[in-house]
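Both of the next two complexes hold chain A, though its partner changes from chain B to chain C.
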Partner chain A sequence: MEDFLYFFTFQDPSITWVVMGITLLGIGSAYVGTFSFLDKKALLGDAISHAVLPGICLGFVLAGEKDPRYIVTGAFLSGALATFLSSWLKQNTKLSEDSIIASILSIFFGIGIVALTALQKSGNPEIAGLNSFIFGNAIGIAEADLFLYGGLSLAILLVLSLFLKEFRLMVFDPGFGKAIGFPMKGIRFIFNVLLILAVVIGIQAIGVVLMAALLITPGAAARFWTDRLQPLLLLAAFFSILSGILGTYVSFVVPQMPTGPWVVVFLSLIALISFIFSPKSGIIKRFIARRSYLNKTHRDHLMKALFKAREVNQGSMTLEEIYALYPFHKKEIAHSLQLLTRQGLVIQDSQGVQLSSLGTSDAMRIVRLHRLWEVYLNEFMNIAPDHVHESAEQMEHLLTPELEALLEQRLNYPALDPHQETIPRESHDL
Partner chain B sequence: MTFDTNAFLIILTGALIAISCGFLGVFLLLRKMSMTGDAISHAVLPGIVIGFFVSGSQRSLEVIIGAGLLGILSTLMIDALRKKAKVQLDASIGITFTLLFAIGIILINLFAYKVDLDQECVLYGEIAYLPIDLWITPSGINLGPRVTWLAGLNFFLVTGFIYLLFKELSLTSFDEHFSSAIGIPAKGVNLALMSMVSYTTVSSFESVGAILVVALLVVPPSTAYLWTKSLIPLLRLTAGLGILIAILGYYLAYWIDSSIAGMMVAVAGAFFFCSALIKGNWPLGIGGTSKSSPAFDS
Partner chain C sequence: MITQVPHPVLEVHDLTVSYDQHPVLWNVDLSLPAGQLIGILGPNGAGKSTLIKSIMGLIQPTSGYIKIFDKPLPDVRSRISYVPQRESVDWNFPASVLDVVVMGTYGKLGLFRRPGKKEVQIAQDALDQVGMMAYSKRQISELSGGQQQRVFIARALAQQADLYLMDEPFAGVDMATETAIFQLLQDMARAGKTVLVVHHDIHSAMNFFEWCIMLNLHLVASGPKDQVMTEELLRKTYGGKLNLLTQVTDLIRKQDFNPLKR
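Presenting the complex of A and B:
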């Protein structure tokens, strides 16, 4: 608890710096990453983040020490080379995109490991710091580095907000953008530069292996809460900041704990919660919607069967007759029967099951919709009468009263469906 | 530049691992699942750590079982995110492997006081120590390096797996619907392939490291794919590349005194880029070997 207060009241200026740093780079990578997620190129960021390792080593060799300017430049150059190579390979070979990305990623990382090992064996004491690029160390960000990383993050945010319209076009409809005269190639180039920059500054905190999470996960999680671009970006940035701060806190409290993995765990938790509980398209929401739709279809089918039984003057049906109609859905039909009886739409007595007067008008509507749709398909779509049933089986559950009125009007209140069966209406005596 | 028993053993082990990975990689490539292989090789980490923690040894059956389970779990998780939660495929892969890898690193740090598991060793291995790590039977007979035996067993199992399931693997890779229609359990074959990938990853992680396994899974098959499209030549070429990579990688690493596994990957990369330069479609006017010359049949 003491640690908690100490951390979150920002008494220690170095904590303030670290939190500011992780906030800035979290926003930067979440913004860029959300765009590349929407562009369905999420794994390019993963390739770039592995690919910066040789550049980091090169920057180290050239500077002779851990100078952030050299390291950022080196990392940027090797990230740019990887991006260029992957787009060149995509255009000029028959390899598929995922094998290109996996190849680039592992080749560059392998070269990076060769360079890193060679440097380690050279015995330079400064080299120990380079390892932190593999797993990241936000606590280790020095105040001087922060200005460089923070400045680059701000630059990314600025460019992204200034050219929001252009990047939106690139993600959603590059063909249209080209047609109305935007230089789409240039826009993609700028975007790739931003992506590489975001990776280069992000690996400080989170490391090369896990950088992909900082790019992909916030956007993927936010996508479950909104369909609009601007709230999406803000939400992704918020998720990123939240888990960045929580991750830093854990690595501050627990000694010897790297920051990156905890940031990723918190981000993934947010994402999993979004996937499961989102009221818009979460797993639970879709499960419930599907269940209630299926229940409605079973209920509708049962009512329809009872109505048809009455049409042929049979009055009521026995349970066996009903189950025989739907041999694969006995349980569901029994469930709907129970529900309908409780609602008073269906009466069960010693002779069997029949519709109540309230249920009759409900069932009549379903049969009416089914047959109206058959007439519509037959007359307006020129579909043969023996082909219209399947579609009507689905549409009878979906047509709204407004559509029903429109259909009636268009078809001029037909009396018979294509199979010469009466279309039942309230005024019609059975 | 010498050739002695140690050099031979290291090259032999490297070649065995490269060929096992390459064979599996060919099928991953044909299924457009190279990134899934990458994801598995990251995701086995927590399994390795837990297995290590339970058994207290890096070379136990628990480690292999743990890694195998995690490998299968990661494919199932990718599938569930894609189908149940409707997350696009690339994002499902990215989220799954980063989460599992992060958990692995956290576990390593949590158990650091109990487990002598170096995260760098897990990530990029060290094949150079292989000749020291001998397999000595309780009666005291020296059977040679343990890792070489492991790689040999892995190679034997992978080739056996591909030989036995060759028809199923190739059918499900090229036409999943047709293979389902004639009664091959495509999902089961897929899971079996993924289990083999996880097993290969874990059996090689000591020598080439979990991350560099992915290079051997992806790069030699991609290189071979640039030269041929038929399956059997593809497998042969991949195997040949694996042997070449092991030999060149060893001597180059020896020369500049660096990581052998990393150098094997760098050599594989050199082959890959040279092949791409030769077989790639150059823009008209530069190379003139363009195969996609405009057709006049429209």
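Presenting the complex of A and C:
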């Protein structure tokens, strides 16, 4: 708790700096990453983030120390080389995009690890900090370095807001962009530069291995909540900042704890929550929708049974008779019965269960839809009368009043279904 | 049967187009009059889309050139509007109908400038013309195929051009929508616009187009509908394989280099 207060009240100016840095970095990478996620180029970001490792080592060798300017430049160049190679290979070979990206990722990362190991054996005392580039260490970043990373993040945000319209076109319809005379190749080039920069700014805080997660996950999680680009970008940035700060906090509290993996843990948590709770397509939403549909089918079946009992002049049904019709759904039918009684659609008395007058018209509609659909299948789709029942069992729960009206019209208000049963209508319907 | 016109809106001069080593259009040479509704007809793989894409500068021709309003494309780009095939984009992209139609104003806006009130007004007018005003706030993934097509046509209208190039605007569109769109295109032609449409269905082509271009790897015909929609020319376009031309194409592909390219 003490740590928590110390961290989040920003008494320590160096914490303030780190949090500001992480915030800028989070917005930058979330914005760029969201576009690349929408562009279905998520893997490219992963390849680039792994591919910057050889550049980091090269920058270190050239500077002889952990000079961020050399390291950022080296990382940028090797990221650019990887990006160029992947598009060159795609144009000039018949290799598929995923195999190209997988090879580039592993080759560059392999070379990077070899170089890093060799440097560690060289005995240079400065080398110790180089390991943090693998998994990231936000707390260990010096103030001067933060200015470099923060400045680059700001530059990314600036260019992105300048090119918002152009990037939107690049992702949605590049052919149209070219047709109206926009330099789409140039726009793609600028976007790729931003993508590499977004990776490079994160290497020290998040690390090369996991930087792709900070690019892609915020946008992917935010997509569960919104259908518009602007809110999508803002929400992605928010997710990214939130997990960035929480990850930094953990690596501040626990000694020797790398930042990157914790940022990813929090990001995954947000993504998981989005996946479960999204009001649009979350699994809870889908579960509830499925449940309410199933409940409706049981309710409809019960009312249909009661209506048919009345058709054969049997006033009410006993509970045993009802359960005998649906031996596998006793619990659900009992539940529906309770509900319908409460709604006043069904009356239970000493003789058994029967429909109220309100319930009768509801039940009549279900039976009518069932039989209308059977007529439709039989007459318009030439399906034999003994094959139409199964489909009608499904459609009776689905058809809307509009479709019902259309069916009636098309079929010209038929009196009988293919099994010669009356299609029931209220007298004022006719 | 190729009718050339004086002062054409569009002149395609001896155009040959290849994808890699694979020629797909041979020596197309035609000129088109202004203010007409023009259909590009031909079987699958005849090169209809390729012709439109070449006119739009999306594909570099192997040889030949194109002049629009007697000028090369870059000089007159703002007067041309393009409707790509509906399947060419991802309709799950997070955007509203209005967002997509506003893209039609990007060309005149140029780089960096953001669309403002004026552009939104243009887009709304365009949506109104295609009868999609009620859907302007709808997410594009929720639209039916015919509605998506109308959104694309609205985007083209928002470009406020003089020449319209449309790639299969009737693919996956129901009959009622097709007729409504055709009427809109006829109105545009009557207002002096030239509308070029890649189309599949010969039956509706007969009813709506005034001028037809018939393609099957090469140009079979280009001229007023009554003159080119003959049984003989239709058979040349759709019936029978162009055995020789196909074999030559295969031969070029096997050579691994394209002698047509300069």
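Heads up, the rule we're going with is that the second predicted complex is superposed on the first by the 288 of 430 C-alpha atoms of A that agree within 3 Å, B and C clash if a C-alpha of one lies under 4 Å from a C-alpha of the other, contacts with A are read in each partner's own complex, and residues count from 1 in each chain.
Convention: a contact is a pair of C-beta atoms (placed from the backbone, for glycine too) under 8 Å apart; a residue touches a chain by one contact, two chains touch by 3 or more.
Because the structure is a prediction, the values reported are computed rather than measured.
Visitor: Would you sort A:Tyr326 into first (chain B), second (chain C), both or neither based on which partner it touches?
Guide: A:Tyr326 contacts neither chain B nor chain C.
Visitor: Which holds for A:Lys41: it touches chain B only (first), chain C only (second), both, or neither?
Guide: In the superposition, A:Lys41 contacts chain B only.
Visitor: Going by the contact rule set out at the top, does A:Val171 touch chain B (first), chain C (second), both, or neither?
Guide: Second partner only, chain C.
Visitor: Quick one: is A:Ile180 in contact with chain B, with chain C, with both, or with neither? Answer first, second, both or neither.
Guide: A:Ile180: touches chain C, not chain B.
Visitor: Scan A:Trp262 for contacts with chain B and chain C and give back first, second, both or neither.
Guide: Only chain B; A:Trp262 stays clear of chain C.
Visitor: Just to be sure I read the superposition right, which of the two partners does A:Leu232 touch: chain B = first, chain C = second, or both, or neither?
Guide: The second partner, chain C, only.
Visitor: Which chain A residues contact chain B in one complex and chain C in the other?
Guide: The overlap between the chain B and chain C interfaces on chain A comprises residues 40.
Visitor: Taking the touch rule as given, give the residues of chain B at its contact with chain A in the complex, in rising order.
Guide: 29, 32-35, 37-38, 42, 81, 84-88, 90-91, 93-95, 97-99, 101-103, 105-106, 109, 112, 119-120, 123-124, 209, 211-212, 214-215, 217-219, 221-222, 225-226, 253, 256-259, 261-266, 268-269, 272-273, 276, 279-282
Visitor: In the complex formed with chain C, which residues of chain A make contact?
Guide: 38, 40, 162-166, 168-169, 171-173, 175-182, 223, 226-229, 232
Visitor: Okay, in this complex, where on chain A does chain B touch?
Guide: Counting only chain A, the residues touching chain B are 37, 40-43, 46, 85, 88-89, 91-96, 98-103, 105-118, 121, 131, 134-135, 209-210, 212-213, 215-217, 219-220, 256-258, 260-262, 264-265, 268, 271, 275-276, 281-283.
Visitor: Which positions of chain C touch chain A when the two form their complex?
Guide: Contact set of chain C toward chain A: 56-58, 74, 77-78, 80, 82, 84, 88-90, 93-96, 99-100, 103, 106-107, 109, 111-112, 114-115, 139, 141, 155, 159.
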